[in-house]
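Both of the next two complexes hold chain A, though its partner changes from chain B to chain C.
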Partner chain A sequence: MNNRLNRLKSIMVLDLSTHYSFPLAEILVAIMMMLSFYLIYSNGAFSLYFEIPPSIPYTESQIIVIYEQWTSSHSFRTLASAIWDYSFILAFFTPMLAALSFGRDIDAGTFRTYLSYPISRRHLFFAKEALILAIVSGTTSISFLIGLLSLAPNLEVSFPLLLCLATLWTPTLFVSLATILIAITSKSLSASLFGGGALSFGSVISPLIFQSMDTLLVAIINPASAIMRYIFDEYSVYTLQSVLAGIIISLGISALLLIITLKRFEAMEI
Partner chain B sequence: MVEPIVQVEKLIKNFGTLRALDGLSLDIGRGVFGLIGPNGAGKTTLLRILLGLIQGDGGTAEVLGLDVQNESIQIRERVGVLHERPTYPKGLTPVGFLHWVRSTYGKGSDPEEILKLVGLSSAAHRKIGNLSAGMTQRLGIAQALVSQPELVFLDEPTSNLDVVGKEEVTQLIINLHDELGVSFVVASHVLSELERICDSVAFICDGVIVEKGKTLDLIRRYTTNRYRVTTNEPRQLAPLLEKIPGVASVRVTGINSLTLSSNLEPSSKLEHEIQDAALHRGIRVLAVFKTSTLEDTYLVVMSNE
Partner chain C sequence: MRITKFFIILGIAFLLASFLPSRSANYESIVVDRNHYECFLVRGAGNLFVEASGVEDRNISLYVLSYDDTLVLIQEDSLENTTPIFMKENILHFSDVINLPERDWYGIVVTFCFVNSSFGETSLHIHIAEVTPYPAPFFLFVVSEVLGLGSFIYRKREL
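This part shows the complex of A and B:
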C-alpha cells in the first residue's frame, strides 16, 4: 500500500515538474485566481450598469454603495454569470493540459520510459488525471469559493456547491477524459490538442447557438449554461430538476468514458 | 543450461499484417547475453514484450520466473532497462531524475555514485534537455542501474557514443557483471563489442532465432574454414576465387577485403591458389588469414537464411 502511494506521488511530482513547471502552472493558477474575482465582480458591475438609469447622476461613492447593495441582493445572478464565463476559460485549459500530459508523453515516448519502472498503467493514468482535475478544477474551486464568500457570505451552502460542481468539475472530467481518449487513440499531441479543444469549445458554445436546445441536453453538455437558465427562469423547479438530471447523466457519461479510456490505455502498445 | 532467467516459448507478435515475432523460442541464462539481428528482426519487440509494454499474440514468456503478462510490475521491480532512443523529462537534471527513479523503486543506489560510475558527474546538475546524445545515453544506462537490478535489458546501449564512450560502456558492463553479478541482455548491431562481453548470443532474423549458443562455440563452429583476403580489388577478385575448387561462399566485405570458406589444406595451398588467380589479372593480394570473429559468424549464419 505504501509503495503504491509512493508511486502515485512520484508520478504526480514528476508530472508537476515537467508539464506544469514554471511558467505554465504558475501563470495558470494566477490567471485562475485573478479571473475568479474579476469575473464575479465584473459581472456584478455589468449587470448593475443596466439596472441604474443612466439619466440619474451618481457620485463615485454612491455608485459603490449601489453596487454593493446590488451584488448582495442579486448574488445568485452575479455568480451564475461569472461562472458561465469561467466555463470558457476551462474549455481552453482543460484539453490543453490533458493533451500535454497524455498526448505529448505518448508522442515523445516518455510513457515507455515511465512504464519501464514498476509503475502500473492504472496508477499512471489516475495520477495524471487527478493532477489535471486538481490543477484545473481544484485551484479554480478554491479561488471561486474565496470570491464567493467575499461576495455573499450568507449564501446557503448547497447552491454554491452545485454551481461549483456543475461548472468546475463535471465538464472538466468529461473533456479531460475525452481528450485523453483521443490522445490514446491517435498517439499524437496535435490530434489530442485540436480534438479535445474542438469538443470543449463545441460543448460550451452550442447552447448559445441553439437557444431552443432542451435544458436537459444543455445540462449534459454545458451545465453552467443550464444553471444560468435555472436562475434566469426565476428558479423554476422543473429547470432545476433538468439541471440535476443533466449533471448526473454527464457524470454517468464520464464514468463510461473513464472505463473505455482506461481499457484502451491498458491495452495501448507502447 | 542452469536456471534460465528469461524463457520464451513459441512467442508470436503481429503488428497489423506484419508478423514481427514468428514462434520465437529462447532460453537465456545468467551472464551477459547478446541479441543480434538486422533492423526489423524483432529484437526490440521481444524486449518490449518481456517488459510487458506490449502483449504477444501467442506463446509464453517469463522473466526471472515471472509471467510477463500477469506479473510485469514484479518483473520491472527487479530489472533495469535502457530503450533504444530513450526519452527523459527534459526539465529535470540527471541527478534529480535519478532521485525520482530511486523513489519510484523505493530502493536503490546513490544517484551521485551511479552518475560517477557512468561518467556523467560533470553534467549531474545540467538540464537533461541540454545534454548531448552521448550524455543522454549514459544517463539511460545510469537510470537502468540505479535500482540495483538483477537483470538489465540494454537496447543498442552504445549508439550515440563516441569510441571512448563505447569502450567505457563495454567495460562498465563487464565490471558490473563480474563484481555485482548483474546479468545483461544486450541487443546491438555492434558485433565487436558483443563478442567481447557476451557469454552467449542468439541471432534473430524475421522474428525467429536462427542460431544461438556460447559465443566462442559459435565462432569456432562457423569460422573454422573461414578466411579473410585483403586486396586492392575485392570486386574483381571475388568471381575469380569462386572458380577455385574447394572455395565457396565468397563475399566482398569491404573496399579492400573479402571473405570465403575453403577446405583446402594446408592453408598455404589456398594462399598459393589465390595469389595465382590474382596475378593473372594484375590484382594485388596483401594477405590471406583465418577469420574468427563474431561478425564473420554472423555473416555466415545470416547468409544461410
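This part shows the complex of A and C:
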C-alpha cells in the first residue's frame, strides 16, 4: 500500500515539475482561490430589501415566512450562485489541464519516457487525473468553504450545501475523462484541447440556450444550472429529486467513461 | 524551495482577494410613501459603510436594528417596541462607518421626517458597503506569508 502511494506521489511530483512547472500551478491555484472568494463575496452581500408596508400586498404571516426563508437559505443561495458563475470558469480550465497533462504527453512522446520508469500505466493515469481534480476542484472547494464560513461562522453544513460543493467535482470528472479519452483516441494535443473544450462549453451553455431542457438532463450535463433551477422553483422537492438523480447518473456515466478510458489507456500503442 | 514560492504567491492572492470591491448594495431613487420605512437586510460584522440621503434635501432618520427587532418592525409596522443598535434622526445626509457588534443579520432602516404634511412621497439614495480588507482572506494572507517565510528560513538554516 505504502509502495503504491509512493509511486502515485512520485508521478504527481514529476508532473508538477514538468506540466505544472513553476509558476504555472501556483498561478492557477491563486486564480482559482481569488475567483472563488470574489464570487462568494459578491453573491453573499446585501441580498434582501424590504419595503414596509410592502408594495405587493402580502399578509403579515407571508412577510414573516419570506423574511425567515430568505435569511435561513442565504448561505445556500450564495454558494449556488457562486458555483453557477464558477461553472463557466471550470469549463475553461478542466479540458485545458486534461489536454495539457495527457494530450501533450502522448503527442510529444513524453509518455514513452514515463513508461521507462517502473510505474504501471494505471498508476500514471490515476496520479495525473488526481492532480487535475486537486488543482481545479480541490482548491476551489476549499476556498468556497472558507469564504462561506467567513460570511456565516455558525454555518451548519447541510445537505444542499454539500450538494453545491459536489457540483464542483462531477462536471470536472466527466469533462476531464472525456478529454483524456479524446487525447488517447486522437493522440493529438490540439484535438484533445478543442474536443474537450467544445464538450465542456457545450454542456455549460446548452441549458442557457435550450431553456425548456428537462431538469434531469440539465443536472447530468451542468449540475450548477440544475441547482439554480431548484432555487427558482422555490425549493420544490420534485426538482431536488431530479437534481439528485441527474448527479447520480452523471457519476455513473463518469464511472463508465473511467473504465473505457483506462482500458484504452492500458492498451494504447506508443 | 518551491513550497516557499507557493505560499508567497498564494498569500499575494489572498491579499488581493481581501481587497476585492464586491460587497456593496446600491439603491437609487426608491420612492418612499409617507410613513413608510425602507429596510435593507445586511449580513456582516465589524465596520459597515453606509451612505443615505433623500432627494430635495428632505430630512431622514437612519436606524440599525438587530434580526429580532427587524422582525418586530415587520410585524408591528412601527419602531416603537424596538431598541436600535445605532440611530441618527432628523439629518439631511448620512455618510459614515457603522460598527456591527457580531456577524449576524441586521436591518438598516431609513425613514423620512416629514415636516410638511403635504408631501405625499419622495425618493431616497442609499449605498451600503463592507469596509475592506475582509478579515478571512486577510488572515489567510498572513498565515500563508508566515508559512512561506518560515519554510524559507528553515531551508536557509538547513543549508
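Before moving on, here are some points about what is shown:
We adopt the following convention: the second predicted complex is superposed on the first by the 227 of 270 C-alpha atoms of A that agree within 3 Å, B and C clash if a C-alpha of one lies under 4 Å from a C-alpha of the other, contacts with A are read in each partner's own complex, and residues count from 1 in each chain.
Going forward, a contact is a pair of C-beta atoms (placed from the backbone, for glycine too) under 8 Å apart; a residue touches a chain by one contact, two chains touch by 3 or more.
Being a predicted model, the structure only gives us computed values, none of them experimental.
Residue contacts after overlaying the shared chain place A:256 against neither chain B nor chain C.
By the touch criterion stated above, A:146 is placed in contact with chain C alone, chain B being left untouched. In the superposition on chain A, contact of A:248 is made with neither chain B nor chain C. Of the two partner chains placed by the overlay, only chain B lies in contact with A:14; chain C stays clear of it. Of the two partner chains placed by superposition, only chain B is touched by A:116; chain C is not.
For chain A, the partner that touches more of its residues is C, with chain B and chain C as the two candidates.
By the touch criterion defined above, A:198 lies against neither chain B nor chain C after alignment on the C-alpha atoms of chain A.
Once chain A of one complex is fitted onto chain A of the other, the partner contacts of A:3 are limited to chain B, with no touch recorded for chain C. Counting contacts as defined above, no chain A residue meets chain B in one complex and chain C in the other. Across the interface of their complex, chain A is touched by residues 48, 51-55, 73-74, 76-77, 81, 83, 85-92, 100-101, 103-106 of chain B.
By the touch rule above, chain C contacts chain A in their complex via residues 2, 5-6, 9-10, 12-14, 16-17, 20, 22-25, 27, 30, 36-43, 67, 70-71, 73-75, 77, 103, 105, 107, 128, 130, 134-137, 140.
Within the complex formed with chain C, the chain A residues making contact are 16, 22-23, 25-27, 29-31, 33-34, 37-38, 41-42, 44-53, 60, 63-64, 67, 70-71, 74, 146-147, 149-153.
Every residue of chain A that touches chain B in the complex is listed here, in rising order: 3, 6-7, 10, 13-14, 17-18, 21, 108-110, 112-113, 115-120, 267, 269-270.
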